[in-house]
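Look for chain A in each of the two complexes below; its partner is chain B in the first and chain C in the second.
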Partner chain A sequence: MKTLSLIASGAAVLFSTMAFADSHADVDPAVTARQAHMQLYAHNLGILGGMAQGKIDYNPEMAQTAADNFLALANISQATYWPEGTAEGTKAKPEIWDNMDDFMSKADDLAFEAEAMADAAGTDLASLQGAMQGLGGTCSACHREYRIRDN
Partner chain B sequence: MKTLSLIASGAAVLFSTMAFADSHADVDPAVTARQAHMQLYAHNLGILGGMAQGKIDYNPEMAQTAADNFLALANISQATYWPEGTAEGTKAKPEIWDNMDDFMSKADDLAFEAEAMADAAGTDLASLQGAMQGLGGTCSACHREYRIRDN
Partner chain C sequence: MRKRGLALGVGVAVALYVTAPQNLDPEFLLDPTTGSLLAGDATRGALAFAAAGCGSCHGAEDTQALAGGNAFVSDFGTFYAPNISSDADHGIGGWTVYEIANAMLAGVSPNGAHYYPAFPYTTYSKMTPQDAVDIIAHLRALPADATPSRDHDVGFPFNIRRSLGGWKFLFASDDWIVTEVPSPEHERGRYLVEALGHCAECHTPRNLLGGLKTDQWLRGAPNPSGDGTIPSIHPDDLGWSAQDIAIYLDSGFTPDFDTVGGEMVNVVENTSKLPDSDRAAIAAYLVVLD
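Showing the complex of A and B:
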């Protein structure tokens, strides 16, 4: 965690002076990156959740691929995603920066449940559904405390 | 590749019937996902490239983290990203779907060079710069053939 915070602080300073050649030039690149990361969680969770809910036929290979992708994402370092001063205009609550240790421990919880999903998703539908409980729970636990609700 | 194509075809059918609850409801979720994925490449490449060009002080730990993140992304399956009929309104050239095997082999080239970067980035700046040549080359090789240029 200390290392993560150090890197995050360093990155925050660096990024504020970096010119990024992308279409979000007015948005902090850390915000763009973390939102892209969440989007990819949603993409893979859409497949797993769709199968869990019976909206998509269960396909062990597709489920395993989505679960492996999700796990790879969960293990990607978020060290550069949360520099101070990047809450405004986003759904990130300022409480994140007051509770960075707790916030990051919730990311660890997610990675733990993602591992369980990767072990379960390709086995059968019941296993996937069981793992979805834990995985969905860690999403909700973090969103409840640290993401601003849509109205 | 056959497996990839099969999954991609299956996913294309599935996604066209799935309702995604995100802010890009008018955009195919495959497009949202692949653009998010590219954004995360750019995020990590911004750090590695910034160091290679001397715009960011070389920091072995930060370089290694960015390289590890990039490698994890490069190994994430793109099987659900490229359903037929999703070129319009994006920078993806229609040639992608005429040359899917070549397109996917370019993604394999990227993963190969990302591995080399992950081996080099934390060693020293010269190693990182060396690996950047190969990695940047695979980005360009694919963009040149398959991405529409900005005007």
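Showing the complex of A and C:
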């Protein structure tokens, strides 16, 4: 009887470990959310950058829409995107959690440049191109410190 | 017995010969028509300096001076970029043009010691004499900083600098990797990638002794700092057009509007200073790699 309960509890431990391992393999929803957010940046940036680089014809309405979207995204608070322990398996560097204030201030820089882009994008192509540099600079300022290198 | 002694003597002599620092030919820096030292131009030198990426390693935070101090972790220990500002005591302000060129192109210090190849003199050795003196003129124009250089943190046996002569003998070469350059643009691209830009130092994997595996040229490598992987920039893997590459080296945007990150941010800061023709040349070289 004792042996049986031992086996049973052993099995329970085993199964719960397996369940834990299984849930561990699932991605934290915050990771999915922040990665999707990045893709939304890239999508809108693709329209602005495509025009800046001459790959797409400049269209002030389309540019303005993309810039407004980008600004709206940049103003979404990232406060809940970065729970502790969600670096593993992602390109987020652990340094983010050691320097959260700096990390978040870089997000503020992005919002500032996004504002400048929203002011410029619908004006003319030269204004859009001018704003592109500042915007790209804030992206890479953060990627430089806090993103693991590409595979 | 005498034979064995002789063999040992020959072995030691060969070892000493192989490991002895080989200095830069002093004639290299001379104007062939006048026979005097080539004149350096600091303005031109600023561009060559950017193409060679000197500031990315030797730069320091909060100063324009090349005060050094950046750490470079490797399998052989941690190297610290030295102060190469124009400070006479702690920088290279007191060095002659030849001494600086000998350091950059031959990897030999003014007191005759080998430098570790964390300093990419193995690629700078292909630099033109004019670019060398121009870069030196630019270095001289930058401010001084009295921060002392930090000693490298390298254990035995790699701390025996003389052994670096053997390393140079095995791995340093003045030969180009890409031997066929069908156009002047391609040739310029080869010069920027293989000589000044030293792209392969990070983007090509290394063997156990730290020599580049040239048969896997620019096909990506583990990051020695342990931070992810340095990507392949070989056309088979990258799949970018020449225009994509040129735009990236100017703006930092990838074709799918991600941006440059990590150490490459410094590189793009440098390449964005170059003329369009240079970025196009780098791209022309990369897209047709074998």
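In this section, the second predicted complex is superposed on the first by the 125 of 151 C-alpha atoms of A that agree within 3 Å, B and C clash if a C-alpha of one lies under 4 Å from a C-alpha of the other, contacts with A are read in each partner's own complex, and residues count from 1 in each chain.
Rule of thumb we're sticking to: contacts are C-beta pairs under 8 Å (C-beta built on N, C-alpha and C of every residue); 3 or more make two chains touch, one makes a residue touch a chain.
Small disclaimer: the values here were computed from a predicted structure and weren't measured.
Chemist: Kindly classify A:Gln133 by the partners it touches after superposition: chain B alone (first), chain C alone (second), both, or neither?
Modeler: In the superposed model, A:Gln133 contacts chain C only, not chain B.
Chemist: Does chain C touch more residues of chain A than chain B does, or is it the other way round?
Modeler: If we count touched residues of chain A for both partners, the winner is B.
Chemist: Examine A:Lys93 and indicate which partner it touches, taking first as chain B and second as chain C; both and neither are also allowed.
Modeler: It touches chain C, and chain B stays clear.
Chemist: Just to be sure I read the superposition right, which of the two partners does A:Ala42 touch: chain B = first, chain C = second, or both, or neither?
Modeler: Both chain B and chain C are touched by A:Ala42.
Chemist: Can A:Asp68 be said to touch chain B (first), chain C (second), both, or neither?
Modeler: Only chain B is touched by A:Asp68; chain C is not.
Chemist: Touching A:His143 in the superposition: chain B (first), chain C (second), both, neither?
Modeler: Only chain C; A:His143 stays clear of chain B.
Chemist: Check the residue A:Ala79 against both partner chains and state whether it touches chain B (first), chain C (second), both, or neither.
Modeler: Only chain B is touched by A:Ala79; chain C is not.
Chemist: What is the contact status of A:Gln53 with respect to chain B (first) and chain C (second): first, second, both, or neither?
Modeler: In the superposition, A:Gln53 contacts chain C only.
Chemist: I'd like to check the shared interface: which positions of chain A are touched by both chain B and chain C across the two complexes?
Modeler: 42-43, 46.
Chemist: Under the stated contact criterion, what part of chain B meets chain A in this complex?
Modeler: It is residues 3, 7, 10-11, 14, 18, 20, 22, 29, 32-33, 35-37, 39-40, 42-43, 46-47, 50, 55-56, 59, 61-62, 65-66, 68-69, 72-73, 75-77, 79-80 of chain B that touch chain A.
Chemist: Enumerate the contact residues on chain A facing chain C in the complex.
Modeler: Checking each residue of chain A against chain C gives 42-43, 45-46, 49, 53, 91, 93, 132-133, 136-137, 139-141, 143-144, 147-151.
Chemist: Would you mind writing out the residues of chain C in touch with chain A in their complex?
Modeler: Residues in contact with chain A: 223, 227-231, 247, 251-253, 256-265, 268.
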